[in-house]
Amino acid sequence: MEDFEPKIIAFLCNWCSYAGADLAGVSRFQYPPNVRIIRVPCSGRVNPLFVLKALYEGADGVLVSGCHPGDCHYQSGNYYARRRLEVFNNLLNFLGLNPARFKMAWISASEGAQFAQLVREYVQEVKDAGPNLEFVREKADLVRFLNEAR
Amino acid sequence: MLFLKLKRENFFQALGEFSEYALYVPRREGERVLLKETSLQDLPENLYFERTTGSAKEILFPQEETLFYFKRYEPLERPKLEDRKKLVLGLRPCDAHGIQVLEDNFLNLEPVDVYFKRRRENTLLVTIACSQFEDNCFCDSLGLGPDRLNGADAIIYDLREAVGVLSRSAILSEKLKGYAFQFQEVENEDQVEKGEVPRRDPEQLPILSPEEYLALISEDKLWEKISSPCLGCASCTYLCPTCYCFDLQDVTYGPVGKRVRTYDSCMFGLYTLEASGHNPRPTLKERWRQRFLHKFSYIPFLEGILGCTGCGRCIEVCPAGIDLREVIKDVAKFKR
Amino acid sequence: MWQSSNANPYLPLPARVERVRFESEDRSLKTLWISLLNEKDRENFRFRPGQFIELSVPGKGESPFGIASSPHEELLKITVNKTGTVTKAIHQLDQGDFVGIRGPLGNYYPIEDVLGANLFIISGGFAFTTLASFTEYVLQDWSDKVKEIDLVYGARTPGMLLYKDLLEQWRENPRIKVHLTVDREFPGWTGLVGFVPDIVARVDVDPVNTYCFICGPPIMIKLTIPKLLEKGISKEKIYTSLERRMKCGIGKCGRCNIGPKYVCRDGPIFKVSELEKLPQEY
Amino acid sequence: MRQDDLFLTCQKAFQERGLDLLLGYEKSSSGFLRPAVFTAPESLERISWDPSASLNLATYLPRFKSKKVGILAPGCVSRSIIILINEGQINREQVTIIGVPCRGLIEKRKLGDLEGVRLVEFRDVSFVLEKENQRRELNLEDYLSESCLSCAYPAPVIYDYLIQGPSREGSKGFLEKRIKDLTRLSPEERLLYFKREAEKCIRCYACRQACPMCYCESCFVESSEPRWLQAAPEPVDNLIWLLTRVYHLAGRCVQCGSCSRACPEGVDLMSLLAWANQSVFELFQYQPGLKIGEKPALGEYRLEDPDFFWGGGQTEGKKCCS
């Protein structure tokens, strides 16, 4: 899988992680372009269904990142996220999903370098895991029709 | 109709004539009995098949079916019709009654449903007369009986050394003839030799006329009583051999998509919920009335046959233990 | 209706949106003019006022809409209220977009059965569509074969009245008496004020020789029928068009029935005398 | 437990509390219990309670928000009631809890070929079935639900009236062992196992409807905007449905087994549910349905909660099952 370029969906909180990603860009920290960012108001806004939906639609990995504990713009959103996503992550592991499919992180607005490092690490993790074939919706017939209809 | 008698070994040989058909029979998989493709060699010698967990409708009306593919931004559609020929062996007479109800809805009432039609034309349904009554089944109480042809193309009777086949399908009759040691045209299915058919004193169920049922439409107390333990799940309707209600949904992938037909259930609140928020069947009371009257009044009205096969699946699976036989009795008490 | 058994009744005919217009002041109602793409489909598509179509937005789904144009118009007209997934998608459509049409479906207002009589057409809100088609059709083709025509049409506000161009034309037309009403007083509004059932009660009609046609929200229909009965009009002479959640539109999918009648196949137009025998599920 | 004790206590509760209705069970023609709504004290003669019950009666409670309701409650049901109260679905004052002892509930599916027979009676550790005039005595323990074999609280946790009688001893083990066995498999094998289970699902939603905690008026699975998954029972779609329902029940499920018994296709729901609860317990030391006034585990937080996020403090001791 040398040339496998994973598609990763990143749900980043508006106040810290999104700003952190922005800083990584502004500071020209290099990181692979495999991440598609979706900005959310808070890591607490991330419904686990977002994660499942992303995988279902074909993402190879999903990253959720928010403010460090104690730094939430809304006081406590990330504490809730921490509980919920950990339980959710546990469930995914028990289900037998490759652990690389879902990652949770804390990135503050000043951690541009860390964001770049996180993405580098995570992209490599997903590359090692290979493409998501196990948790994606059945669409072979639609793909076939698309190719025929072209 | 042709009635044929074949020696057992000849019957299995005769099935070899259907090489262009995929053979489907009920097969046990863990806790469930499913209709599965199988090879001729794997058929049981005694031709005994367990009753399927789900109903036979899936062979002609699958839970999920693509009607057509389309391009989203260009006028292009491509219907998807299934052409696979199937020989389905080992279903029960009650399953065949269910098929008849489906045929009436999809084929006999205009307009014709081309998807169902194509499948029906490509399917040979050969049922086997029951050798015993199953748990909770009550076809005999509905006057249907475990030895009837109903909507099947042919039914098999166990005549000990021989196999009796009553066929109304030209294809089946033609192909089986060469293997039979005896065959004759018959007018009426009661004329044929059926071997040992299970008999019992049927439980007496008071089945009213469609009009009498319809007259109970506004007996709110009755429907409320019946529906009060109901949970509103769809296990009864999804497993029912005559429930044919469906939903249509679009599934997309980039610029293309498909329209998919899936089972739907009158027991769900969303089933009749209108976009405005108005729901003409807001509670389980109305939904139960719909489910019951559809089977016992509307289908008899529109199609001339009973919309219940007496297979008992709904009784077996109901998580609230609602017993349709008792419901039938309760309803009859309200007859005016 | 579908003539040939070989036709696939689930397959929409390809069509194109030719023109769109916001119909109401709050932009919740949008009117679309649609044409069938294929010459042959255009020839075969013959409808009568009261019938409906299933409009597909490919990828979003399908919904039923009453045809609002008169049979003589070249384009099909529908008016769509933005409420759910499909209607939201329809509101996003613009001139040139492709859609799919199945139909015409259902029965129609039986003009042949009511010749020589007075017509009393009653409607409220955006359910005016098929009755607008019917009114225009009667004025065009049957004007000399019916007697008096009264139209009561109401909306919440003047800005929510549909087809103001048509209403304007009819107001000039001596063959029809148009009673427009809104729920309450508005500056500049010179028409009637009050709910449709109350206005209906005030209109003077001949109870013996009048046929009524009602289409509106369920509550309006429920309140209007008694007013007509009070006038002495027989239940046999009141027609109403019903609305239900539909999927297939051809009496197969099971959900739109009221008793043994399917709104999509046996309706949507029923006599009140027929409805009486059915459960009150509408 | 004596039948007359049950009847008299329920009748007493009905009158003393001025109940509008009482949720209990009655015998069906096959001798197995089925839920029944009793609306008059006289009708209570039919009320019955034994291990052939299946549905968790608390499932019905949110339907009767404005009524005074009595309910028969073994341990699991009483815990469901506590959660319903804690989540604001019902008021403590409106429910009258008639605690009943519980010896575990039969999993009808385990009867296999015997299914559909008539249930004659329950004895101390066994029960008697009749099929075609043949009687068979079966050991109760062998036919109990998986959930009951791992039930820590068979006796009611709260009650207003209590019917005396022996309850099964609280025991953990069965599902815990199943989980352990599953975690010994490779992730690929586990995923295959759960996918096979999911393939059985016909999306009839009997599990959801039979669950007292699934009281949402609209469920994500039927949402059209956004549409999370298809209505068609595709394997991955089914998996998302099962998984998300389990996630929604993490730390709220009392493992009554009502959903599992309701499933017409025999999908293994209990493993996932038990795992979710076990996770919640190991992470937050939380057990659902034991205390009135408690918030659900995922509806609160503590500053010192374990933190396995990248960039967070803790990365060691991360529980993973492979």
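Each chain gets a letter, A, B, C and D, in the order it is written, and its residues are counted from 1.
Quick note on the criterion: a contact is a pair of C-beta atoms (placed from the backbone, for glycine too) under 8 Å apart; a residue touches a chain by one contact, two chains touch by 3 or more.
Predicted, not measured: the structure shown is a model, and the values here were computed from it.
Chains that touch both subunit B and subunit D: A, C. In whole angstrom, the spacing between the mean C-alpha positions of subunit A and subunit D is 35. Per-chain Cα centroids separate subunit B from subunit C by 38 Å. Chain centres here are Cα averages; for subunit A and subunit B they lie 47 Å apart. If you average the Cα atoms of subunit C and of subunit D, the two centres end up 50 Å apart.
Annotation for subunit B: residues touching 2 or more other chains are 71, 76, 247, 249, 251-252, 257, 264. The set of subunit A residues touching two or more other chains is empty. Listed for subunit D are residues 230, 234, each touching two or more other chains. Chain-to-chain contact here is organised irregularly, matching neither a line nor a ring nor a star, and falling short of all pairs touching.
Shown are all chain pairs that touch, namely A-B, A-D, B-C, B-D, C-D. Every residue of subunit D that touches subunit B in the complex is listed here, in rising order: 28-29, 32-37, 54-55, 59-60, 109, 115-117, 200, 202-206, 208-210, 222, 230-234, 258, 261-262, 264-266. Note for the complex: subunit A touches subunit B at residues 139, 141-143, 145-146, 149. Taken together, the subunit B residues at the contact with subunit D in this complex read 30-32, 53-54, 63-64, 134-136, 228-229, 231-235, 237-239, 247, 249, 251, 260, 262, 264-265, 268, 270, 316-317, 319-323, 325-326. Taken in their complex, subunit B has these residues touching subunit C: 67-68, 70-77, 79, 105-106, 109-115, 210, 214, 217-218, 244-250, 252, 257, 259, 261, 264, 266, 271-276, 278, 280-281, 286, 289-290, 293-294, 297-298, 301-302. Of all residues in subunit D, only 179, 182-183, 185-194, 220, 226, 228-230, 234-237, 239-240, 243-244, 246-247, 250-251, 272, 275-276, 279-280, 283-284, 297-298, 300-303, 305-312, 319-322 touch subunit A in the complex they form.
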